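Both complexes below contain subunit A, partnered by subunit B and then by subunit C.
== the complex of A and B ==
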């Protein structure tokens, strides 16, 4: 009886979690469509805002789910595509694509963007195994530092390309490096959202294995997970997600860190609900941040990555300080 | 003499380092052979770096197998454990290390339930198994607490409950009771005895604690520098002559 009551309570809580999340997402979308820099003529809404909101939705979903997965894969709640430098790797991929003749068109750049993300994520995977096998107690901070260094490396390569590049491309590129959703086209946005949803669904099918990995690699393996197969598959899928997000919206940080962090505190660490709710809240966060970025200083616009970093960086410092306190 | 209820058969298990540039914490094993009966608790004893953990980690699939480094066989009821796919292996054998913990917010109950992730049980059946394991391992009162907030010994209790939920035929414990206080060590050793008897399973248990080994184990295996130097009834294996051979500097033991 008691256990039945508990399970009914749990089902109710889950229902309300999804209900509120979807409701808030709809509200945020309506706000983002209704208000902007100019008076909302129907054409403006349809031609500019709909693709932009759709792209923000897809990119936000992808970054949040990608962040949640990376955190568990590397057993470190501070991981996310931006902090680990994977987004920078992806941006380098885009730039290489541009230099080899692909134009600023989304479709052509997804492939090189994915390869850039995969290369950087591959380095991290290799590094994490080395750290794990040597049994270093400080593995957690070492991996983060390697990620930060990869980020520097990627950004330096981007700066080099900017210095040597053609001035018209530099104009395009400089806003994009800080995250820019204003280039959204309807067709591109629809492709991003569709692919992101498909890949997120594929990642959700690994929920049980991800749950086991919450206890660390050794425990997961003891419970019966083929840890290596899982890590390789999920790093591949996450790299596609990051590749899509970066080629669609540029380098946008902290969504992949803060959203999983908040959702985990709310519904717990079990991935059956964590991943879908991360997708919803990632979408909410980025649609909202993008709306703030074009509404705050209208008629001018801030790159959306600046808005997420302005909120995200202090939050990350807060989280780090809280961790230190808890350890003390 | 044939053994009727042999559960595990380890034959000439050898593990050697690959290239010297490889970073790793695995020690060498040299042609280690032994058997384990259903209902038996066997302690694996030996000095640091003697290959105790390598033995357990190899058997439970935690060390990636490569034919150049690893030779020998580990069989249980006709199955070769070293080549079994992870999920099937987990129903036969499970490993528990010395630190059961998470980087993420996880209640004891959820963490323990993860042991049953791949067992073929109905959800309600699984819930009962989890409750039973929590009670058995004396952590019923801790079940709503965050794993990270517990002491090392309490986490080890939870780890053992996880292993029991998984219900393997052979449980490998690597210093898994080392952080518990004397009272808990004693009670848990009783729990292990009962569990082994009820499930007709077996435990291989790495420890440095000879007193506890004498209380819990039926038999013991001594390893030194990767080689087996003794295998037999626990009291024979803890005889002064044996101890002097393994620990020549620990005069007080003899």
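== the complex of A and C ==
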């Protein structure tokens, strides 16, 4: 009887978690479509705001889910898509594209940034393969360090370009380096959202294995999880996801870090609910941050990455300090 | 009867005929013959359009930030800074002509405006001759061809006078500085580089491959310019003096020895419009003020 009551309570809690998340997402989308730099004329809403909101939805979902998965894979709560250097690879791709005179579309700079992200993710994947073959016990921390080094390498290449590049191109790309959703086109946004949803669904199918990994690699292997296969598959999928998000919206930090932390505190660590709710709250966070970035100082537009960092960093410090207090 | 009435109404209604204008990049832009809702995406373009329109400035409905000449343009709706103008603000103004520049407007945002179906005319001003061709192009887009020809001719004559006035037998070697940290100077293939050429001086960075190179300070010292011109966008006097004093510390520099380190804060010189003639006059007087070579 008591277990039945607990089960009903749990189901109710899950239902309300999804209900409130969807409700808030709809509300945030309506706000983002209604208010902007100018009066909400139909052509402005349809041609500019709808693609932008769609892109923010896709990128927010992808970054949050990517962050949640990477935190489990690397057993590091501070791990997020950027720490593995994938975003730096993407930025290097943009720089190469700019130097080749390409423009912002899927065949141009978005394509080269995606290839840059995949190239760095490829190095990461190859390194993970080598680490597992050599049997290094602390493979995950080694991989994390390799990610950080890749980030340094990418940033150095960017600094080189900033020192020697054409000032006009540097100016054009500078907003992208701090996150920029203003380049959204309807067709591109639909492609990003579709691919992100498909990849997120694929990641969600690994939920029970991810739950097992929370117990530790050895314990997960003991209950029949192919840890190596899971790690390789999820690193690959997350890299594609992050590459897609960075190429679509630029370098946006803290969504992948803050959203999984907040949702985990709310619904617990079980990935069956954690991942879909991360997707919803990632979308809410980025649609809202993008709206703030274009509404607050209109007609000026702030880079959305600046808004997420300004809100995200203090929030994260607050969460971590509360965790420390609870442990004490 | 009704048919004839309708036909008579159609004939008597003033129609803005479409005209095809080819912009600085060879793109044909379809425009109405007399645009009434003009948006300019650079202060220089706002200034140029105002010069062409004369008193009829109500046709300019949107401008980029710092479009402050003539002062009446400050009342037009702002669409943000020229290097990050807001696409949504431009679209909301429903313009029938958008004037953009390849020298500062972000390329992807300009292309976005075209994708949204707005008639965008892109101009380019990489040297002083381009001001003349831009005047003619903008005048054509406004349906003011004769006025454009007149202003272009006046500008050409003004440049000729400046070239004659400041031609010197012994060319002074000049460094023109744009930024201080990092040090950014004017190269040859640039609008300001052309200004120096017209003033008959030698740009010490004329051989640089970039329009605005960023040399090390010791490289500038080794080139030992006779004149240093610091172009400043900053209105903070103390900061400007600090920038100037960095050069004054090099006592062996020709420019320091002869007191030829000048600070210049002039919109006239920084904006490619006919007003640049005033800027060139002032700059020429500063450079040649202490020289005996001036004709």
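In the analysis below, the second predicted complex is superposed on the first by the 249 of 328 C-alpha atoms of A that agree within 3 Å, B and C clash if a C-alpha of one lies under 4 Å from a C-alpha of the other, contacts with A are read in each partner's own complex, and residues count from 1 in each chain.
By definition in this document, a contact is a pair of C-beta atoms (placed from the backbone, for glycine too) under 8 Å apart; a residue touches a chain by one contact, two chains touch by 3 or more.
Worth saying up front: this structure is predicted, and the values here are computed from it rather than measured.
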item	value
Combined model on subunit A: subunit C and subunit B, fit or clash	fit
Touched partner set for A:301, first subunit B, second subunit C, both or neither	second
Minimum distance between Cα atoms of subunit B and subunit C in the superposition (Å)	43
Partner subunit A, residues of subunit B touching it in the complex	23-25, 60-62, 64, 85-87, 89-91, 94-97, 100-107, 110-111, 114-115, 117-118, 124, 127, 148, 162-163, 166
In the complex, subunit C residues that touch subunit A	78-81, 83-89, 91-93, 103-104, 106-109, 111-112, 115-116, 184, 210, 212, 214
In the complex, subunit A residues that touch subunit B	3, 71-72, 75-77, 130, 133-135, 140, 208, 211-212, 214-216, 218-219, 221-228, 264-265, 268-270, 326
Touch list for subunit A against partner subunit C, complex	36-39, 41, 43-44, 47-49, 103-104, 163, 166-168, 171-172, 175, 182-183, 185, 294, 298-301
